[in-house]
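Going in written order, the chains are labelled A, B, C and D, and every chain counts its residues from 1.
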Amino acid sequence: MTIRLFITGGTFDKEYDEIHGRLYFKDTHVHEMLRLGRCRVEVAVRTLMLIDSLDMTDADRRLILESCRSAAEERIVITHGTDTLVETARALGEAALPKTIVLTGAMIPWAFGSSDGLFNLGSALSFAQALPHGVYVAMNGQWFPWDDVAKNKSLGVFERLRE
Amino acid sequence: MTIRLFITGGTFDKEYDEIHGRLYFKDTHVHEMLRLGRCRVEVAVRTLMLIDSLDMTDADRRLILESCRSAAEERIVITHGTDTLVETARALGEAALPKTIVLTGAMIPWAFGSSDGLFNLGSALSFAQALPHGVYVAMNGQWFPWDDVAKNKSLGVFERLRE
Amino acid sequence: MTIRLFITGGTFDKEYDEIHGRLYFKDTHVHEMLRLGRCRVEVAVRTLMLIDSLDMTDADRRLILESCRSAAEERIVITHGTDTLVETARALGEAALPKTIVLTGAMIPWAFGSSDGLFNLGSALSFAQALPHGVYVAMNGQWFPWDDVAKNKSLGVFERLRE
Amino acid sequence: MTIRLFITGGTFDKEYDEIHGRLYFKDTHVHEMLRLGRCRVEVAVRTLMLIDSLDMTDADRRLILESCRSAAEERIVITHGTDTLVETARALGEAALPKTIVLTGAMIPWAFGSSDGLFNLGSALSFAQALPHGVYVAMNGQWFPWDDVAKNKSLGVFERLRE
């Protein structure tokens, strides 16, 4: 079984630009993360975009949806900025593809060392293998159905809508 | 839902003793790992032992089994040295408890920075939530039933017995 | 012998704000850095300010100068943002105090892991012990007199004015 | 000015062997450390040996001495295991070469993340530039003349013989 991994950017892949003292995107770190995690799941990586999720447009979301639809793989993980991750999950969830799609992100850039990204990547790849068809958000070691999740922006965590 | 996390030691928790230049156990790092992973799953941690799995005895395995049996939680993750992880999985698997039990480990100590432990911990906690009752090994982003897994000692990875 | 260490901020001490995805100052990391470096030199730390050096005013520089002048210690290290580090060095150099003063900084925040800060801190503390009275910039393992140094802003390194 | 850097091994360069769970030597990390430290001093690196300093023989020490004697550079840094670092310093000190030679080491392997090695390397390279001819030990941010230093083995630090 191969898992398809779509990269869209987000905090996951932010770098520190030491000349200008700013955060920016250069390239995805996901290959290095899979290597450090000693991942042996077959993962086919494709970078769709490398953007801050606040800049994500409807056209970007259509591209993500079409990429999921046309992927040969039945199990898909998507890395995504957390600010609009739930919005993209909804766009995918409403399409009701016969696939297991798991969106994940990070609060701390991988390049900054003590990242939650490696933990979330391990978690998302595992949920993608074990959950039935559907669209899910995997963050903080938890999974949420696409229609029962929101980002608590003041705490920086994801929560169920209904308790 | 609370996940019970039993610590038994293994590479996961090895430290570097800078006075003697040796590896040793002091305390589990799992709390720090859960914090860095921004884990929001309720996890109840208990250290059963902190040993190299080559030193694990039948009595130790009985203690692990009894701890799983008497735990209030239905979902359990066990950190374990990789050398005899499969043997402990078998002891638990044969007991056929009505629980989901996931054993995991690490090839590189957490204290040494670029660890696979954080990835495996995220993975194991996720499989523990999503897999049906049974005993599993979660390593390298993969999961294995307890009776279909072996450690490939020359490569340092886990593999299915049957292809 | 005690070395006086004045903190003024700069990249050295920048943090990542995971709620807003921005860099900011919270507290100095210099105590942790001295601990990790197993530093056994007696160092008396005082935080004068925690600012981006682009925001440093003439009044700030006067405060730094007066703090150097009134310090009981003859040997002083100052952590500083690199953008205007040379300007502060000049203000101190022109005062010609009978002290050895070494300014240093970092291109990568300590909080982001693979930092040049620890290297520069070890270097600056050493130059402060070994160089005669004067004001110096210690960066990239090198030392420069205050009147013979400039930051090459496109490369992010410090260079002599005269070759 | 070029600084000659001789590598002899020691904790500095120890690796973790994930197959056998042991510490071992593979290659020096000093190039990576100089890169992370953004070092701009010209450093000419040569690996003389990669051994635990407890295994260092008189013949090894003669090789180090002859390498220092025949080096074109006047300023030399030597990385060395801490257990017998003082003994090698004495062998070099008694030879009274017209050079500045600084020996340094680490208590924690660089490969294990939170190392004192980067701090010590920055410190040793700086003392090598600023101190007069002689043989010195640079550890813990301090420098010691070769005939006034001992390792306190219970604390893992270096101290003067005379207070």
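The definition used in the following text is that contacts are C-beta pairs under 8 Å (C-beta built on N, C-alpha and C of every residue); 3 or more make two chains touch, one makes a residue touch a chain.
Only a predicted model underlies this, so the values are computations on that prediction, with no experimental measurement involved.
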{"item": "Distance in touch steps, counted as few as possible, from chain A out to chain D", "value": "2"}
{"item": "Centre-of-Cα separation between chain B and chain A, whole angstrom", "value": "26"}
{"item": "Chain centre separation in whole Å, for chain C relative to chain A (CA means)", "value": "39"}
{"item": "Euclidean distance of C-alpha centroids - chain B vs chain C, Å", "value": "45"}
{"item": "Of all residues in chain B, the ones touching two or more other chains", "value": "107, 114, 156"}
{"item": "Category of the chain touch graph - line, ring, star, complete, other", "value": "ring"}
{"item": "Parts of chain D lying in touch with chain B, wherever the complex brings them together", "value": "11, 14, 16, 18-19, 21, 23, 52, 107-109, 111-114, 153-156"}
{"item": "Residue ranges of chain C in contact with chain D within the complex", "value": "33-34, 36-41, 107, 114-116, 118-127, 129-131, 138-143, 156-158"}
